[in-house]
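These are the structures in question, set out in turn.
The following pair of complexes shares a single chain, subunit A, combined with subunit B in the former and subunit C in the latter.
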Partner chain A sequence: MRIGIPQGLLYFKNGRLWKRNLNALGIEVVTSPETTEGILSDGIRHSVCDLCLPVKAFFGHVLALKDNVDCLFIPRVIRVEPDAFLCPKFIGLPDMVRAAIRNLPRIIDTEFNIKEKPEAVFWQEVRRELKGDRKMLLRGEAEAISTNEILRCAQNDRKRRNDKIEKDHRLQKFSEHKLTVGIAGRPYLVLDNYLNKGVVRYMNRLGVSVVYQTPEKNYIIETMSMLPKWIYWSMGKEVVSSVRRMLEDESIDGIILIANAGCGPDSFMTELIDGTLPVHKKPYMSLSIDEHLSDAGLQTRIEAFVDMIERKFKYN
Partner chain B sequence: MKLTVPHMGLLSNAYTKVLREHGVDMCPPPRPSINTMNLGVRYSPEFACLPFKINLGNMIEALEGGVDTILMPGGYGPCRFGYYGVIQEQILRGLGYHFQMTRTDNPDSLGDMVKTIRDISDIKSKWDGYRVFYLILMRMAVLDSVEAMYFKMKPREINQGEAERAFDESLKIIEKATGYMKLFNAYNKIKDIFRDVKIDRTLKPLKVGILGEIFVVIEPFANMDLQRKLARMGVEVVRGVWLSDWLNDRFRFKPLKPNQNRLSRKWASPYLKYPSGGESIESVGKTVKFYKEGIDGIIHIMPFTCMPELVASTILHRISTDLNYPVLSLTFDEHVSEVNLQTRLEAFIDLLERRRKNRLASRFNSQ
Partner chain C sequence: MQGYLGIDVGSVTTKVVFLSKKGAILWSTYRKTMGQPIWVLQSALSDLYHELTPTVLGVGATGSGRGLASHLIGADVVKNEITSHAVAAIRYYPDVQTIVEIGGQDSKLILIRDGVVIDFSMNTVCAAGTGSFLEHQASRLGLRVEELGTIALNATSPVRIAGRCTVFAESDMIHKQQMGHNLEDIVAGLCDALVRNYLNNLSRGKDLREPILFQGGVAANHGIKTSLEKELKKEILVPKYFSIMGAIGAALLALECEVKATKFKGFRIFSHHLISSSFYCDGCPNTCGVMEVRDGNEVIARWGDNCGKWSSTT
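For the complex of A and B:
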């Protein structure tokens, strides 16, 4: 029994946890390779035209996986916290994949809705769904860890992650350079080395170290209380509060907000950041990325941005 | 206090007169036009959806006309609509307008809506608040039924322009009906008016279902008057999305009408198992329903970058090939050209006509 997890969208947030929990159920987990041009263009061929870039790439990952696995793990993630949704495309994701791609293996599309049922119930349901397949849990059934244990693992994992964030909030510092630029944006766009068009690599080559961070929960709540209305998208919350965090952080010299073109929530979040946060205090640029973006255009903008920061240091 | 609410189809016809009688100085903005669109597009975020831009343009026009309070519904759904008010207020303040913004952040709750009505008007008792709110809902239902009758009559009429005249006359009659009894009489009168339209009863026009995002479906400016265009081409438009149905799902003022959302969920269940916000579940569910009812084709319309309808659009693509059923997906934004739309509609209608002819021919041959 092999279960496939496409390396896109929520994989960048929960991938490791999913992999470990499924392994604990005694199932071999296969992930698709990192995004390449081929994967993206395969995905684009199977999607309607104005879908956003990460979803198109996700279709490509499903296509890359579907022939090597017995089933695909694409949970329907509705809410990851009680008072916020994810983008509607996550809610319809398993159905979209089913509609866009033919000859698919079985899809495990268990609902993840923290408002209606806790995480433990979700994993229980996943387990029940996997059990429905007779062949599948030959080995797994014997070794399967009880759902409580899975939950304990998940909690520990989260705790460790939070500790790490608190210890050094520069969660991912890619290398040491004299300038530091913070990158804000959705994890599935910023952390995917193909979809972000090599922004990180290019900035490192220019002698800039890049920081990406997700603020902790209390900080997000504090940021939300400053806004006229709570943001009801989990990732939108993170984007806005990470920009605020970077504006406050003395060690960060400039901020780049990466959003994909046509991203619904981010089209409003960029406007909200411009209006409510003091972005004039630091060099701040928002980039929108889609599949037609040329590398040369992007590089020119980044060079200009880095030049601007350097000049600011020279004359201050 | 001069109050305005951005336009959404015929909604302003439903509340303006009623609220004026209860001491609210209602100033509806001018009907959306090219000017509205230009204003909205100029100040909106790049990838905001079309309803946002038209609403913003409407607000600017209203503020230029001397309005000082804007009422904007909100929400906490996964769709962007719930956050419109916040961003629009921010943009308008940035442009230097002075006004008050009232957001009703819970448009699904009856209590909140009635409270909003009592806050803005001179209605004292709670009971009166409910009475006025339900009167507005009933007026909306009558307005929707007028539109439905128009779409039924227009392709069949014998004397050109008679259906339009009946439509305009009905709107005038509803405008005057500001009580439950008056509204009931007005409704009967409207039915008579439409009965007087001379129609060709032998004609069997093509039927096209219109589905999609609610604002774009019900606001004729946003969809470039798509439905009237179809009606003028001699096609019977069967609309799947009505504002009164949307309201009825929440406030139950038509107790005999089943909950459309729940029904759509049932119909859509093989394709979309959980409503992903907006009208996605209605779009998918009613496509399946229209297919079973024998409607010739579906036109699915949505604003550019609409998140819920993109989910629906992906799935409709599959339904279309699975059931061998024509579905035309149209995306609207400020760059859509009228000629392009006309060409695509004509091609689609031609396709439907040919399909019908072939089907009739094959049935004839097999007998």
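For the complex of A and C:
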């Protein structure tokens, strides 16, 4: 049996873990290719216009996969920590996919809600779902793997996730350049080399090394307690905390926040960062990315931003 | 006559300047791009050649069409508009702190401290709050965009018009006309709307210190300058060369980097028949749009591809 994972949205956070766990169940995992113009425009054709860009691209990834797999892995992720939510579009993702695309294979849409059930239970339920498949029963090895083993795997992976994510997405290999710019934003926008409009590639071409990091849990908690009110979006918390982290990090010369134009939480985070963090201390700029195909505007802004930092060093 | 060439190919206008080795302006032109950047550049440069017969030591290109310009004529420095505008402003006003720049489809706010850019912002994707907005509304009123400024200054009580979006502004404007407001008040209302939009969009929370320079084509409009002063309660300076500051900056940047051997392709290319075209590459699913310029049958420049498959062949 082949299960397909679309290479979009939470894939950029959990893709490796999902792949490993499903493999451990004895299932062949296929992922869609990296986002391209073709995938995105297919996705846009199948979505309503007010969805955000990464969700539209996700539809494109589903379309690219659906005819080659027996089922699709699109869990319904509600909470990844007890006191915060993901955006409603993650909660409704499997339903939106079903409503938008016809002739789909079966969707494994097991609910992930850490407040109601631990991660191990989630994987138990996934396993139960997959065992219901007749082809699956033919494979003996899946039975042999205990849920405990899967859980251990999950824990190890989570530990390594933060530092691995950069290497995985080729952000770090340009570390020999002289200027370092930190990028903040949602992983599925920043790390997707097509959706980010080549921001990373373009900055590397200008001789700038790019850093992307997710701060640790304690640091996020500390950041939240500095705000007038806690943020109740998990990724929003990470974005705001990572900007604060990079403002403090002396090895980072400037920060670019990449916001998603169609994203409700992002429009809020951008304002919150402007209003509560000392962004005037370092060159800081926010870019909002949408469907536009011409990247001239983006390049002008990045070029001017890099120039600003360089000339500051040169003349001070 | 030796000197440096600065070219600013904007979305609406094309600016070319020729500076002496010390940075003095020897020649300049400001003309409409009219959607034909290549032809306009060719004619501007042929005018320059016939008037001065200069020796070009270096070339700087800026503006949204800087890529095209640099491929066509060979530029030593290709810089964004923000750096170019700032460099030119600092040359004429060394103590400048703030630059308001409103062009055809872009608007920018640049903050400078101690002669270095420390912050900037640009308008979002939409061209509301720029020269295009004014031009569009002027044509709706049956006026030329150049007339707007003088008309606005004669207003007694400017009407309120939504400046967030040209479509809303237009329906607001029609409504005000039908209510019987006079032309002067409506035009002044338009200027206020543009300024409000500009400040809401770009200056939120930023510290706009004096001296404040107002550059770009829209600075020709005294109505906008007055609205800006009214809104900011600060004095606005319009530099003498406000409309060509980008091109001056580009030339100054070329001068600054001490070019040894310029990449300038020479004036002769401008008697050639150049044709630009574009196509979508089908080599991979990214389908990059590739731009191409031909001189007769010979391809002289290609750009726009991510992988370099086409741009490396010329």
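We adopt the following convention: the second predicted complex is superposed on the first by the 294 of 316 C-alpha atoms of A that agree within 3 Å, B and C clash if a C-alpha of one lies under 4 Å from a C-alpha of the other, contacts with A are read in each partner's own complex, and residues count from 1 in each chain.
Quick note on the criterion: a contact is a pair of C-beta atoms (placed from the backbone, for glycine too) under 8 Å apart; a residue touches a chain by one contact, two chains touch by 3 or more.
Remember, predicted model here, so these are calculated numbers, not experimental data.
Applying the stated clash criterion after superposition on subunit A shows that subunit B and subunit C can sit side by side. In the superposition on chain A, contact is made by A:48 with subunit B only, not with subunit C. Looking at the shared chain after the overlay, A:85 reaches subunit B, while subunit C stays out of its contact range. Centres of mass aside, this uses C-alpha centres: at subunit A, the angle toward subunit B and subunit C in the superposed model is 80 degrees, to the nearest 10.
In the superposed pair of complexes, A:308 makes contact with subunit C only, with no contact to subunit B.
Contacts of A:194 after superposition on the shared chain: subunit C is touched, whereas subunit B is not.
Shared-chain residue A:99: touches subunit B; no touch with subunit C. Within the superposed three-chain model, A:288 lies in touch with subunit B and with subunit C [touch as defined at top].
In the superposed pair of complexes, A:263 makes contact with subunit B only, with no contact to subunit C. Touched residues of subunit A, counted separately for subunit B and subunit C, are more numerous for B.
In the superposition on chain A, A:17 makes contact with neither subunit B nor subunit C.
Distance between subunit B and subunit C in the overlay is 6 Å (nearest C-alpha pair, rounded to whole angstrom). Residue overlap on subunit A between the subunit B contacts of one complex and the subunit C contacts of the other covers 275, 288. Listing the residues of subunit C that touch subunit A in their complex gives 64, 67, 79-83, 114-122, 124-125, 204-205, 284-287, 289, 306.
Looking at the complex, you find that subunit A touches subunit B at residues 47-48, 50-51, 76, 78, 83, 85-89, 91-92, 94-96, 98-100, 109, 111, 227-233, 261-268, 270-272, 275-276, 288.
Residues 33, 36-39, 194, 198, 201, 274-275, 280, 283, 285, 288, 290, 292-293, 296-297, 299-301, 303-305, 307-308, 311-312, 315-316 of subunit A are the ones that touch subunit C when the two sit in their complex.
Across the complex, subunit B meets subunit A through its residues 45-49, 74, 76-80, 82-83, 85-87, 89-91, 94, 103, 105, 271-278, 280, 304-308, 310-315, 317-319, 329, 331.
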